[in-house]
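Please find the structures below.
Shared between the two complexes below is chain A, which has chain B as its partner in the first and chain C in the second.
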Partner chain A sequence: MTEKLLSVSELSVANAARPGDAPILDHVSFDVAPGEALAIIGRSGAGKSVLGRSLMGWTEAPLTVTGGSVSLGGEEVLEAAPDALRRIRGTGIGYVGADPTRVFDPTLPVGRQIAEKYRAVRPGVSMKEALERVHELFNLVRIPEARHRMEELPSKYSGGMIQRAAIVDAMIGETKLVIADNVTQPLDVTVAAQIIRLFQDLRERLGTAFIFITSSVPTIKDFADRIVVMDKGRIVESGPTRQLLEAPQTEASGQLIAQSPKIWGTTAPESLSASDELNRPAALSITAVRRTYKVPRKDKLFGSVFVQAVRGADFDVYPGESLAIVGESGCGKSTLMRLLTWLEEPDDGAVHFHGKNVGTFTKKERFDLRAQLQLVLQDPYGSIPAHWTIGRTISESLRLHSDLGGKARRARVEATMAEVGLDPALYDKLPSGLSAGQRQRINVARAIVLEPTVLLLDETFSALDPMEQTPLIELFRTLQRERAITCIFISHDLALVRRVASRVAVMYLGRIVEIGSNENVFGRPLHPYTRALLSAAPTIEASPYDPGECLVDGEPPSPIRLPKGCAFAERCPVSRPECLESDPMLRNTLARGRIACHFPLARGMLESAETKEEISRVG
Partner chain B sequence: MIATFSFLARRLSQGALIVFLAALIVFTLLRVGPGDPARMLAGGLSDQASVDALSEKMGLNDPFLVQFGKYVGGIVLHGDFGQSYIRSESGLSVGGGHGDDQTRSDRADVLSLLGSRLPLSLGLALAGLGLALLVSAPIGIYAGLRAGKWQESLSIMGSSLLVSMPSFWIAGLLVLLISIKLKWLPAVGYEGPRYLILPAIVLAIEMAPIFIRTWSSAISSMTRRDFVRVAPVRGLGQRQIFSRHVLRGAAVPFINTLGVMLTSLIGSLLVIEFVFDFPGLGKLTVEAVLQRDFPLVQAIAIIISAFFVLVNIAVDFVSGLFDPRLDY
Partner chain C sequence: MTSDISTAPLAAPKPALPSTRELAMGKRIWLATRSSPWFLLGAGLFGLLLLMALVSVFVFQVDPTKMNFVDKFTPPIFSEGANPAFPLGTDQLGRDMLSRALVGLQITFLIGLAATALSFVIGSAVGLYAGFVGGKIDQLLMRVVDIQMSIPPIILAITILGLARATPALVIAVLVLATWPNYARLTRAGALAERGQEYVRAARVLGASDIRIILLMVAPVALPPMAFAAVFDLARMMIFECVLDFLGIGLQPPTPTLGVIIADGRKYLINAWWIAVLPGVFLMLLLLSLNMMGTALERARNAVFEGAK
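Let's look at the complex of A and B:
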């Protein structure tokens, strides 16, 4: 390497509160050249984030730097005086974290906060000039209506937009290096793909160097020049991206790459023979379900707006199958889940459970339905009461729904714990100290202890890293086989869905736009939105869909002001004038799927016109 | 602009309704309770006929709703809260035994009675509040910035100690020490601003610990917020972070506490003014209740409820200025 922008040598960080433990960072050394894109990968806990922060001179107690140096353009970062450190942070290295929503003061407009920062790191700039500069960069990162957006509070921003604003914040002082720690992790796939493209674009235009920290190898495979692999606080391997991915030299890198999500390289789970499955009466049937929220308007004396969260969802779930509902945030997945579990009632339409309309259930029947239909939640930390013993958490629903005595209940709970792979000895323990994976097992045990027939899994696996995901997915396969449970997965993780679902429903803006077998949806998507989602999915293998051609721009329209025609038309790469005029209905495909699109990607796949009419009459 | 207008219009109309209901309840309670005002005014020795005549003259024989209607009408149309049953224009208590001589014109106008007492109470309240704020802000903010260290513990312990001592006891102690032993300040009555000092100190001692706690917990929770911790990494200076973000964020809980304290201040005034024999609204209230002076009690109740409503609106409005996310 000829020129060095950043040079890290022998950097060590330890936890001062636990002197006996292995160091968090152990003699880490690497360089970054100007304009280079370097990826630091490793599984969670490898010390990547601590490294990223240490490069900024940001180590909070009890972490302490025990040795080594970080120099930026010849200037030592770790020993810089407060003023020098501020200058380095503002104009030398920028930092973008995983949770940009927490970067900004929630009570002040975003643009003003970034301008404030610019003025802090570039003394002598007037507020007007600073705001002008923010505006310029907002345009550069393609935040629409930049002038207006700058004056809005952080809470008005979507995840993708606030991430763009955080990138502006990191780069506004003409920083030479930006550290991006896990920036795409909280984002939807299409938005994450847009952000990666944005990084590429910024790098080309501004010549900024990037350090990209992630546990997801696919995210950086097209972006990074070089990869550094970390494991247990050490750099175990580094090299040019392609070379390292194709021929990893160490076990840690090999595992990371092997566990990276694949979609096309894997096979769909074996479903019960498709026709058999679909000919049985539905376990759960959703017809034309709608849910609209009324939100008062602040800018009018009287009056409110209507948020159409679910706009006529239509699908059946068959006994024993696993159906995945995929879609990006704000598409109505969570509302749909609340409707399915009858935590909320639809404004219109019906939910049938084994042929019976849930809307007509008596109080008693509804109570029994709760035992039949259980929910496994997303957040392994928030969903488990911290002050309850694990046994109590799991047995709570048994106490409500069964008349088992104390001993029998305990026996049943312990058996269930064993079944999900939890040590029954944990019965009297509190959940503190358990890993996310263990906690998710508690959630699963709590859900299946009542022997439900339908399980709803709302992003159950998304909080887990790949190492923890795999065994839990295996557990579900076993449970499903042994107990014949019907599973509904709600997820935005396509690689996961590919592994677990027999059928897939794609949701966009409150509607199902495509539903079909796993093989068909992933292999022969008919809806342009499905294809866009697939092209954006981060997978280690080459995608059959070119993101440049299929990826959609922008973000979904607001569920408040929906367009007259197809809701996807504005972003659709293949839309035609008709799409803006009329709203496509869900119609059957030859492959026993359904799709809502005027111009599907393969027309021949649709059933004949007669069937189409029939469907529109029925539906 | 429209949002502000809509907020004020909505809250003020809600507030008017609340005050109206409060007036109705007080009016009702005073009338269903024991005691006949006409009998009380006429005096125990008067014959039934003159009591009845007085009763008729005062409109006490009208149906309840007519009485209430006249009362509310008087307030809304003429700002007339009626006349005291007991007090004469001269300020002395009258009634009882005067029999037929009693005419309405002798009796003090409720509004002017209140007007003569209110400034004193207001002065006392402001002095106490001001003193409490002056002392608590620096201590509380400093303790908040030193969260987890001994400075914070000290301020919490000190506040707990002060807050657990009843104000009348502190009052007694201060009177004993400062007025009786040291003879520095007068203790009872009111003959000039010097008479404000002791009661104001007692009020401040009662309120300051709560402000200290509010400031220190608000500031320390702000300093733990992610955006405050990340701010130095973004390149902001410590002073800027404190004044632009920490203080701003802590202002909202502070303003809410201030609102609560303003309303509880009224209760404190009742006690303190009574203890110091301070001729303010609080003492007037206590006397009016003991003397069954219905018009006065009613008027005070209505004014207090209006004050509550206005303080709450102001608190929500000002909080909204500091944190625009708050949906008022």
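Let's look at the complex of A and C:
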């Protein structure tokens, strides 16, 4: 490497408040060439983010740089005077973080804020010129209606759009290097894939170098030229992307790669679709369920708008199976979950539990239903009361639903704790200090101590890192086998769904668009949206669906103003004029699945030849 | 931090360390408070005064309203012309100052504690319920709180106590009316924050009733911070009670409350300073002890929360 844009040598950072601890960065050295895309990967806590910030001379107490140097184009960053540092940050290195909503002042229009930054780093530029420049970049990052969006406040932006604006903010000073720290983490898969594509495009057009910091290997596999692997504050391995991914030399990188999600390389759990189980009466049957929220208008004093969160969801769950409901944020998964657990009642449609309509239940019957249908929540920290001992938390279920005495209750709770892999000695302990995985086990114990027949898992595994995920998934398999529990997974994580679900339902804007066996949905998706989701899923393997061909542009329309025809038509790569006119209904496919599309990707798979069925839309 | 635990799937977790981290926040604050010398001093003083007020009923059988014109204006002990029968001297009517001051202390304690406890209970109940349930009920209750807060306490006191004869119960009622909205507002904020927590949703899915969730889950989280406010409020209540008595709209003579005695003694300040000053010293010591405890609690809380980061 003859030319160096950034050169880091022997950089060490330690926490001054904890002198005894190992340093956070331990003699880190690497170089970045102009226009290069470098990925820094490592498990959470490896020191990646601290490294990213240190490169900009951004170490706050108690963190202190204890040695080494960072030089940008020959200029030392760590010892730069405040003036020089400001110039470096404005025109040398740009930074995009994981939480772009906090980058902008909520009271000023986005475009103006960025223009001001430009004027600060490029003295003598007029506001008009600066705004012009911002407009140019807004177009470059493909923010639609750039001129209009520039004048809007940050709160009007969606997650993907604000991330684009944050990228503009980082690049406005014609920076030669952009550090992107975990930028895709808060985004939905299709939007995250768009952002990655955008980075690629910017690099080609502007020749900017990128340092991409992430814990997810698949995100950068097509983007980075070179990978640096970090573990416990040290660089353990570095090399060209392909070479490193194919033949990792160290254990740390091997583990990172091995734990990366796979979809096509794994086998689905035994499918139920071929067996008798689908012929049994449904355990839970959801018919044409709707839920609309009335939300007061923000821009006016009076009046309200209607948000159609769930618009006629239709599916059955069979005893003993595990059904996964997948979809991006805002597709109505959470509302559906609240409807299934009867925390809210549907406006329309019915939920049948073992053939009985829950809507007609008495209060007592509904209370008894709760012992049958339990929920395991996502957040391992918030879902457990911090001031209760673990035993108290788990026994609350029994206190409510059984009349066991204190001793019998404790024995039952301890047995359940042992079953989910918690040490019964923890009974009298508070949950503080437990890892996320352990906490999720408490959650599981709380749900299964009542011996429910149906278990809802609302993103239960997504807060766990891969090391913790695997044993917990194993636990669920065991529980399901031994207790014949019906599981409903609600998740956005396709790789996880591939591993755990026997059937998969894909949700888009409040409606099920495709439902079928795991093999069929992943192997032969019929709905264009399913295919788009699959192509965007970050996996380590080569996707059979070319993102260039299948990936969708834009973001889902607002559930307030839904289009007249198919809700997906605007983003659909294969849509035709009919799609904008009429809304497709769920139809049976030959493979015992159902799909809502006028023009499915494989026509022959449909049971009937009818292609035009209209659902009367409830206005 | 997480990896060392999770590498042993399904195995027993590593033995829990009996560190202070395991203790609940409240307990840790209490531990830190207890070791503060200021708190001990304040608590000691408070305890002493409380003991004196309680014991005086049984030990000093002197009637605080018994007049004794022969011994009027007797100075307290250690001054010229003191009478050992009246350690703190007598007032213009020859009434024993010690027993008067102690009875005054009793009344102050009774009114202060009762008013604080009642405002705490009423305010917290309203705040917890409003914050947790939300919606229209929340709006309604909070508007009541706003209306109540918009009435200045002194106007409220003058109006109520001017219409009816002041009794301890009525004074307590005035104080509670003036104070409960503060508690309602503060607890509402706490309940509002807890309402959205996942564990509340989990409890709802289990079928727990609102009241059960509020009492067992939300209250233990939302109420302890109120206890800090209550310690300072106790002092505020006591002052307010004395002010009402002093102004003549609270409890009336001959009931010997600290406010009444000070108001009385004002007229004789030049000749018999002790009539006004000694009850004032009692009051000052009482408030000092409360503020010392309150400050120690607050410092401990700050230290614990800082340390938890």
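Here are a few things to note about the model shown:
We adopt the following convention: the second predicted complex is superposed on the first by the 585 of 619 C-alpha atoms of A that agree within 3 Å, B and C clash if a C-alpha of one lies under 4 Å from a C-alpha of the other, contacts with A are read in each partner's own complex, and residues count from 1 in each chain.
One rule holds in what follows: a contact is a pair of C-beta atoms (placed from the backbone, for glycine too) under 8 Å apart; a residue touches a chain by one contact, two chains touch by 3 or more.
Just so you know, these numbers come straight off a predicted model, no measurement behind them.
When both complexes are overlaid on chain A, the residue A:Arg477 reaches neither chain B nor chain C. Legend: residue contacts after superposition of the two complexes on their common chain; A:Gly173 is shown touching chain B, with no touch to chain C.
Look at A:His27: by the touch rule set out above, it reaches neither chain B nor chain C.
Look at A:Arg290: by the touch rule set out above, it reaches neither chain B nor chain C. By the touch criterion defined above, A:Gly90 lies against chain B but remains apart from chain C after alignment on the C-alpha atoms of chain A. Looking at the shared chain after the overlay, A:Arg142 reaches neither chain B nor chain C.
More residues of chain A lie in touch with C than with the remaining chain of the pair chain B and chain C. Comparing the two interfaces of chain A, the one with chain B and the one with chain C have no residue in common. Put simply, chain A touches chain B in their complex at residues 53, 56, 58, 60, 86-87, 89-91, 95, 97, 99, 102-108, 116-117, 120-121, 153, 155, 169, 173, 298-301.
Residues 43, 45, 341, 343, 366-367, 370-371, 374-375, 377-379, 382-388, 396-397, 400-401, 421-423, 425-426, 429-430, 432-438, 443, 446, 465, 467-468, 470-471, 474-475 of chain A touch chain C in their complex. Residues of chain B that touch chain A in their complex: 2-3, 5-6, 9, 225-227, 229-230, 232-237, 240, 244-245, 248-249, 322-325, 327. Taken in their complex, chain C has these residues touching chain A: 1-3, 5-7, 9-13, 16-17, 19, 21-25, 197-199, 201-208, 217, 220-221.
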